[in-house]
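In what follows, structures are represented as structure tokens.
Both complexes below contain subunit A, partnered by subunit B and then by subunit C.
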Partner chain A sequence: MAAPEASTAAVPTLYTNNTLRNAFGGVLSFFILLLIGVLAFSIRLFSVIKYESVIHEFDPYFNYRVTQFLTKKGIYEFWNWFDDRTWYPLGRVIGGTVYPGLTLTAGTIWWLLNSLNIPLSVETVCVFTAPIFSAFASWATYLLTKEVKGAGAGLTSAVLLAMVPSYISRSVAGSYDNEAVAIFALIFTFYLYLKTLNTGSLFYATLNSLAYFYMVCSWGGYTFIINLIPMHVLLCIVTGRYSSRLYIAYAPLVVLGTLLAALVPVVGFNAVMTSEHFASFLVFIIIHVVAFVYYIKGILSPKMFKVAVTLVVTVGLAVCCAVIAVLIALVASSPTKGWSGRSLSLLDPTYASKYIPIIASVSEHQPPTWPSYFMDINVLAFLVPAGIIACFLPLSDASSFVVLYIATSVYFSGVMVRLMLVLAPAACITSGIALSEAFDVLTGSIKFQLPGVTSNAEVDAGETSSDTSEAQTDEVHSVWAAAEAYSAPSIVLTTRSRDGLHVFDDFREAYAWLSHNTDVNDKVASWWDYGYQTTAMANRTVIVDNNTWNNTHIATVGTAMSSPERAAWEIFHSLDVKYVLVVFGGLIGYPSDDINKFLWMVRIGGGVFPHIKEPDYLRDGQYRIDSQATPTMLNCLMYKLSYYRFVETDGKAYDRVRRTEIGKKYFKLTHFEEVFTTHHWMVRIYKLKPLKNRIRGKAKKSKSKTSSTSSSKRSGTKKKNPWQ
Partner chain B sequence: MADHFFTFSIITLSLFVVASSGGLESELVADLLTLQAESKSGVIHLDDRTVSKFLTSPRTPRPYSFLIFFDAANFHDKPELRLRELRREFEIVASSFITNHNSSNTKLFFGDIEFRESQSSFQLFGVNSLPHVRLVGPTAKSLKDDSDVMDQGDFSRLAESMAEFVQYRTKLTVGPIHRPPALSKMQLGLITALLLLCLPLVAKRIFAGETLLHDPKIWLSGAVFVYFFSVSGAMHNIIRKMPMFLVDRNDPNKLVFFYQGSGMQLGAEGFAVGFLYTVVGLLLAFVTHVLVYVKDATAKRLAMLFTLLVSFWAVKKVILLDNWKTGYGIHGFWPSSWN
Partner chain C sequence: MEAWIRARVTLALTLFALLFFVSRSSPPLQFVISNAERRIDLSSHIINVHLTLKVENTGTRPASEVVLALTPTEVDHLAMVDALAIKGKRKKTTSVRLEVKPTELPDAPPIDAKYFTIYLADPLNSGESTTLEVLYVFTHFLEPFPAEIAQSESQLVFYHDTALILSPYHIKQQTTFIKTPSTKVESFIRVEPTKRVGTEIKYGPYEDCPPYSISPIHVHFENNSPFAVVEELVQEIEISHWGNIQVTGHYTLVHAGARHKGVFSRVDYQSRQFSNGASSFRYLLARLPARVHSVYYRDEIGNISSSHLRTNSLKSELEIEPRYPLFGGWKATFVIGYGLPLQDFLFESSDDKRYLNFTFGCPLIGMVVDKLTIKVVLPEGSTDPSPVVPFPVEHRLEL
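The block that comes next holds the complex of A and B.
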């Protein structure tokens, strides 16, 4: 916002001296950019100020653990790391299944600082990586928008991006996740693409491939780039905007970019074998055909060209058809038609909810409602249409790219709420363009009307001030969102009540208990949400974690949690589990506990082991845990572990999350024993009781079989179905 | 006459049953298989006579289960009952079951009963509301009390959930559901041929640069529409199959357009707010790119005032609605010493 005002203020005095004006503008822009960087960094520090310098949530703990490993053991060890502390007994090849960009970035920063004799801990570096990169991201936005609509729009977009809530939510200090660096890489790749498109320089084209490589290293969202850029190229060709600059911007990116992408172990040959990348190859062929046509057109006379066109069109079409046929055959031969589940659910939005509960269960993959847009991009939602229109007046190669970017990203964000993050930069760029144009026009009219002040100018000024007030609303909202909504680390919880601030530090209490009181090789079972934290903080082996790569394994844990005690004990015992950890919010009213996630455990478990049926846990289609709950529900392990001894707290066993008294209050555990419950009962840890010496006939028979088959047989025969 | 025939047939049938129940059973199954083969989708059309022949008269346990769809032709035009759609899905389940078992499974048959022609069967089953699907197991003596009713939840995911119901109750696997492809092979071939024919023409137009695609206005309106469509949460409505509005529970004459609670939204609500989101931007663009070139000062002022008022109203409305829906109000975050 500041730049257009500054430049227009500078206009009257320095109008004659153009170079001085430019120099002044350049220096001013530089300082404004510096301030934007400071703003972007500091607005994300609320979590450190309000809580402490701590890593947030779930995935960041995994990334932190990987970074620790990297800094301790070096890059080669990291590349070959097989982690046996997770997905027991399968283990996980970390080096080959993780996007290494974030880890390598933070590792490099740490190494650089240490070699400069600045002894920061790895954790500190990890905590502050995201804010640093959001400053970079806002500078990249400046560069990108500058390519489209000039420096004024660039500065406006940069300041908007520095404080767009959606991006803040993923990049506050401590949220050490792939998106933190990936958004920077995304914007920077787009900037270099546009720069190449505007200049036609091979230097930028090479840089573009390198930026793309960094993006591929950082985040699975790189498929968005490798589909959006071909789409734009195709759009340019179809609308008759082909130029040699377009060719230089695109062809090196595909060749170099694909080669580089294949270097990342997690991508590997996917870069040429999955359908997500086929669009780029198809367009690669098309652009060559088109380039050839233009070349022929250049060397032939118009008459000859007409003859040639018919020839080329027929040959070109034949080649295209053949290639398309091959592609279709390739795609059709794979079961999911070559698309990964997540990408498929973008194209066919109803796909995930029908077939893949593990994707549908994640709240980030739900389609958003309209308040999400207001929460995540705030007043930008009002400004974007104006930005789109501004991009069409006049339409250039670069501005058509921005339009395509906003249109695709806004559609994708409508399908999956987590893609709001990809929309945010696009919304900032378009809104920046809109605001900057509005300022340009409206403040311009003030200037020209200034000699004889008329009411017209006042009205215009009114609009300007309403723009400014909108921007202020945005800032007020963003600061609030940064401070209150997104800064909670979710590992430490606080509530404010009449008698002051309450801190719930139960998670760390539980993990510390595990690391101090259990053997280093003990296995801990919990729902997958807590897997990363358990390995990172308690250093204990887990059965499943947040990297949901093996659905069957997760379903096994889900089945155990939904089974009666005895069957669950057998499943856990077969997996060598020693401790079971459940998260329970009923005492203090923490809503995202395991009882609320329980239906997903049933669904995912039932998807693999059909004897677990969702209707058995629902009374008339309603999920309830009070006296109306079904017997299957009241006897399942999750219910028992969550509510064991709960009645002793208040005598009534009133669950403050579900707002009801629980159905079964007094019961004993036969196969598990409680070993630890945290201060606020949020985490409860149980130990599996050892085998009994005397085993009665039936148990003995089933013990020799594998757990899942035996448990399915038993519950198949013995389980009482409440519906019959 | 019919009654006579009815009693007569029962007497003869029961005599027959006493004489040779085994032979009769296999005969019934053979009859059913013929009927099944005659019907296009494998759903056997039942009437009062066949109901008694296959269900009421044979002695339990019968060698087969029967899944029956209760249909009423005169209610087909009522969209809220979804009879046509459910019937189609029912037929898909039936044909999938039959093809998956190579028409050799005699444990389960699919049937339908029409209300007009078989009212007494409807009474026999005690059916008084539609849609209604019932599974008559081999041991069911009284059709009304011993058979299983498929409840609303089992219709919800159409053929898939019906198949689950069947698997759950009869322990017979239905197998993969074979839906008829949206386009038949013939149509597909025609479309491909047409496309191939059009391709040179289209390519020529593209090279000449005179398609609709070269008109930026189309792209502009397309982009703005996609934006409007997405921010209104229409994808949410499609995925969750949300209705445009609800009928108020307390007062059936009143319609509810806005749903309180942030996880859900109704169709009309989304479009209304999507409109508010979009209109401000459009007005701003109008001011920036059109209004400044208007020469007449009064018109300019009026338009400007209008724009300001509408923009202000739209933003305020969205903030209020958002506050009402999610409970979130715009806060300032001030240093604590300022309070």
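The block that comes next holds the complex of A and C.
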């Protein structure tokens, strides 16, 4: 690929004073940027080429559904949308609980294209939103790094960002999630902040607040901005770098930004009430105090100034102590100290696993492993330290910001694997700086050596090529990651076998069946992972979904899944549930099925309903479904619905995920009946049987049945002693 | 900006099955049918009835209008009626298609019946006779009984008819053959002489039946052929300036046989294919024009990965599989779209007009379409479009 090598060619132009060469460099940079945009867009199209143009995974389906609603009903209906097809019977106020940035962006693109007579479907627009915005994001990276270390570094970081696997994983075509636009917004906000800091222009400060507003609209991660920028301001003040430019960059952002943020329904008064935002206000006060001090210092003589300082410090300290004491008391009175659960789990990595299993249960909220760093940012991990050093030579306001950004994002990515995404731009910027500095030195030395002895130049050229080869390995890895690792839409699975490509399209099979062959008002219960997909693809009301705002409701479903059949039937019946959907991978070896997620159902259920005790399901500290499994486990609904008549497939009931034969092979369902199982058994749908008319006879019957099916041991003894 | 405004001329033609002109004529009851043979094919859910009539003019004047009678229920389910006149003898026969129109008889007939008139090409002189072949096609005519079946049961249906052909004429001799799809016949009413051999039941021959004589019968038999019905098909044919025709069909498919009852067990369905879900169907075959390209098969949630396309120079066959097997009462929706080269279908006439020659109907084989809408999207700048359809249709122009 020409882009990274061409960018090195642009670097020397910076060092020439020739206007013609400068103009040439400008045009070249423009074309390189264009190519980078094309690269960023096209590297994310593997999923469309290898699979199809389809929305991926779980959350994007919700966003897609919201966008459909927006394009159909309009913006006002959207703000007032109360969705009664989810969280039955509670419902959810979508307009007030969703970050609308992504939806509005895609809706606007769709509307724009349609008014230009380009009749694309909403789905197509949604699929391609993320690749388009990743092109924007790489341009924003160019601008940001240009503010820090000049155009050469800017181009290098833009190329790196276009290809960094961590970002690709969240922005392939079809992964229509908040992060898709939020990363662009994040980088662009930082760029405008640095631009304001470098120029002191109020125009850029206003733009900065608007960019911040867009970020608040798009993603809950905006709190990262509103904490990082104050940290940087504080750093500047502490290191004696206070200037009026800093004031212009910060004060309008806090005032305008907070006002604008409060306009977003999902944020609202949180913009001034929660602890995530306190740092910005505190720094806002500090910067004013500092500004005032600098002002006083300017008008007073040094002696008078000293007197004034002692006076103000004594009075000020007393007032400050009082205010801080009140604040602390206020904050401490709330149980979570005014922080939201997700933020708290960031500050204290062990918090979630201790208190909020629902946050801990999400795989992207787990801390990452070391290999995932190499997978996601690859050689950048080695270039980052060099970049940090380059930032200190010399240290400017802007470069200190980059250092702070990389330091904090490394910490956050270490807590939650999802925040690797915030680290990726920082890593790209610093690596870009490092690479560009290295190229500067090496190409500079070539130029210096050229008229003299040529033997040294060869050595240098060798070093340059080793540098470019490093960039090439990164490139190869990125393309591989984009094509193989991050393009699977997860609703369609494929495997390559000797007979060729095999497609597992079971999820959509089940959702299509539900949508065409059940009543439109039927309620479907499943574990919350499949909630968004069920509402979007099957158009059926669900009990819980991926929004996870109501822990008790999720615990109710978890309890039902971990209860015996009769109790589960009663819970589901009380929720008006007609169908229960379980995901089962035992036949084909699909590992992320409901049995593997079962421990979270037990934990979350048990957290609210104490009669569900985790030790009842554990044998030797493990969830087992083989012959060693506990009777509670073998009788719970999840086990039964997953393995119902499974033994008839191969005669042994060998579970390919757990790699064992299941514990109880032959059993009957009394309160549920199988109504649909997909081709590869990945999704199984059961219907709740209606109550029988003869209650007395029924009660007896069910009692005798449950007792006979309760333990497999008893049936074993029956076989041994048929006369007893 | 005229260029930007897309002048989308949409011509929508809507055909409702069973829409016929009603015309009136005098009752030409001067014929006698000397021999009638009826062959009823019940092997799928589309019933074909071949009726061979030997008509003799016993009146005094030449006559050219032969009347056919059908019961109201039969007319309700009638999809098509077609008549041929057979000329010549033995091997040298030629057939001529005749015009058939619904009529009403002014004098009150003894029973409730609806009539169709066949207009003979040449009037039949007194004492002459001719042979007519009539084809009736009935849809939604087999009544599943029991109306709900479990997965392991096979589908049984009722066929109602009369053993004697309903006719306003005297029939001297008549025979009826009913062909069932298998030898599994639960019951049938005998009207002696009746004989059952293999998959065929023979009623008759009956001699000298007076006009309007009937003798109700029913056959209760197994029919596991796919009862695939497209409830609604909207087919859009978009003609492009760039040498391409894009055809997009939106299908709502339903299994119109006996409703599925109770559980659907995948393990039974997979392990015992023949005894389980015998009446369900998985595959459908679409016959598309030759030189078809960029075929896609999807539904509202994405591509359906189970389809095969076989093309050769004469025709293309697309074998599709809905996302799940269809049992009685189950529905599925999907879209089949494809492109065709324009020059195969568009012809230019000398008077500066262009004709699109396109087959009216559904490319899926063995399918009943309840409601068909065909939209022809003409390119920008087209003027005065007019449809030419060999049968009456509703049509309107959308701009």
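To be clear about the criterion, the second predicted complex is superposed on the first by the 667 of 724 C-alpha atoms of A that agree within 3 Å, B and C clash if a C-alpha of one lies under 4 Å from a C-alpha of the other, contacts with A are read in each partner's own complex, and residues count from 1 in each chain.
Quick note on the criterion: a contact is a pair of C-beta atoms (placed from the backbone, for glycine too) under 8 Å apart; a residue touches a chain by one contact, two chains touch by 3 or more.
Everything numeric here is computed off the predicted structure, so don't read it as measured data.
Annotation for the three-chain superposition on subunit A: subunit B and subunit C fit side by side.
Taking subunit A as the reference chain, the count of touched residues is higher for B when subunit B and subunit C are set side by side.
Shared-chain residue A:Q628: touches no atom of subunit B or subunit C.
Of the two partner chains placed by the overlay, only subunit C lies in contact with A:E674; subunit B stays clear of it.
After overlaying the two complexes on the shared chain, residue contacts for A:T97 are found with neither subunit B nor subunit C.
Look at A:V238: by the touch rule set out above, it reaches subunit B but stays clear of subunit C. By the touch criterion defined above, A:L393 reaches subunit B but does not reach subunit C. In the superposed model, A:V309 makes contact with subunit B only, not with subunit C.
Panel annotation: after superposition on the shared chain A, the angle at the CA centre of subunit A between subunit B and subunit C (CA centres) reads 130 degrees, nearest 10. In the superposed model, A:H516 lies in contact with subunit C only, and not with subunit B. Put simply, the nearest alpha carbons of subunit B and subunit C end up 21 Å apart when the two models share chain A. If you check the complex, the residues on subunit A that touch subunit C are 52, 54, 116-117, 491-492, 503, 505, 508-509, 511-513, 516-517, 537, 645, 648-649, 673-679, 681.
In the complex of the two chains, the subunit B residues touching subunit A come out as 152-153, 157, 168, 199-200, 203-204, 206-207, 209, 211, 213-214, 216, 219-220, 222-224, 226-236, 238-240, 262-265, 269-270, 273-274, 277-278, 280-282, 284-285, 287-289, 292, 297, 300-301, 304-305, 307-308, 311-312, 314-315, 318-319, 322, 325-326, 328, 330-333. Those residues of subunit C that touch subunit A in the complex are listed here as 4, 6, 262-267, 270-271, 299, 301-306, 323-324, 329-333. The residues of subunit A lying in touch with subunit B in their complex are 238-240, 293, 309, 313-314, 317, 349-350, 353-354, 367-375, 379, 381-390, 392-393, 395, 400, 403, 406-407, 410-411, 413-415, 434, 437-438, 441-442, 445, 454-456, 459-460, 462-463, 466-467, 470, 473, 476-477, 479-480, 482-484, 613, 615, 621.
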